[in-house]
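As written, the chains take the letters A, B, C and D, and residue 1 is the first residue of each chain.
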């Protein structure tokens, strides 16, 4: 069984990765946000710098803020971004 | 020595007394707000009802809120009114 | 820092724009608009007459702004209060505070309203189906002031 | 209860009037207007670009209004937030809360701003003499949120 998800990047992440959105066919051992971050960190230096856990990165699943333990399921829209600075 | 002061009444007081302003030549034994209230209370029933101490009456001297101990001097503008209800 | 006591209505939007555009160090404007409700103490209100103490009123409002400036970083502030005859949905009072940051603006604006409610010499008389009556001061307003 | 995310400027005065006139049980409107300052972290700011997460932004602002409604007696509320390019003195955000009484209006309005600052997916990039940079989130904003 594969999980196809959509991943979005915003603000500093979008710039550093030069990526704003992508579809990812998740490996079976990637089931939550922490595991997805570790998976992305393996893609190279820019990715490792952002997803190695040292930077404060927020995650949302289907438009709701979530923490590292949140489960990811097929069809989800997952977003990564820095702490927000609106208002 | 006489003290000539101006006395103003507002809102419910003005209506009940049918008086908005008057000049009073103070007796020598009236030197503070409490004494002025007692002096006014002697004028009749409407006055007694307002100044007998049972009603909440605020006082100001020269546009500043004061308490019963505030001294009154020649030329002062003294005002009596109910608790304020603006805003 | 301006106070105005007037019979005429005011334009809250124009006042906000005038205040905020005067200084690019302003990041936050907190505003309060009070309006006449059609119900008070369970009775229908058709009209309100606001009496005040000319001379003392202006000084009292200025003193309230001065106190707020001593406690918070207020770049500019405005109080406009109406007097005379008002009807439900009419605006009564406008309080504006401009500051660099929102926390200061909110605190100073609420402080000014709480003080205005208990210190500024205004009195409301309202017209209800049973006749006209003077509005009673609320103990909740005294309590709101004590917080500061 | 409305939220709007838009490039265009807004008219705070018109929004206040629309909100307050809708219900004669409204006695208090608390408003907050945020504007772009020409200085941040000690540097001159000439321009700001506001990015957001379309779809999530609107839901997040709606959720903030819903939380305020659960905690205070909110008769109506509005959030307008701008995105795109802004300059000093431009308006960024408008938050309005209408209630019967001022205490509820003030609390809900400040609550909504504190939550917006820490939960709504907006990001500011500012142009300074040294180049452009992403604005860093403030710990003071996290602390402001924790009060509630």
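The rule is simple: contacts are C-beta pairs under 8 Å (C-beta built on N, C-alpha and C of every residue); 3 or more make two chains touch, one makes a residue touch a chain.
The shown structure was predicted, so the numbers you read here are calculated from the model rather than taken from an experiment.
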Distance in touch steps, counted as few as possible, from subunit A out to subunit D: 1
Between subunit A and subunit C, centroid-to-centroid distance (C-alpha), Å: 49
Subunit B-subunit C separation of Cα centroids, rounded to whole Å: 27
Distance from subunit D to subunit C - Cα centre to Cα centre, in angstrom: 23
Sequence positions of subunit D contacting 2 or more other chains: 34, 102, 113
Per-residue overlap in subunit B, given as positions that touch at least 2 other chains: 87
Which chain pairs touch, all of them: A-D, B-C, C-D
List of subunit C residues in touch with subunit D within their complex: 11-14, 16-17, 20-21, 24-39, 88-89, 91, 100, 102-103, 105-106, 109-110, 113, 144
Of subunit A, residues touching subunit D in the complex: 8, 10-12, 56, 60, 63-65, 79, 81-87
Partner subunit B, residues of subunit C touching it in the complex: 34, 50-53, 55-56, 59-60, 81, 92-93, 113, 116-125, 134-137
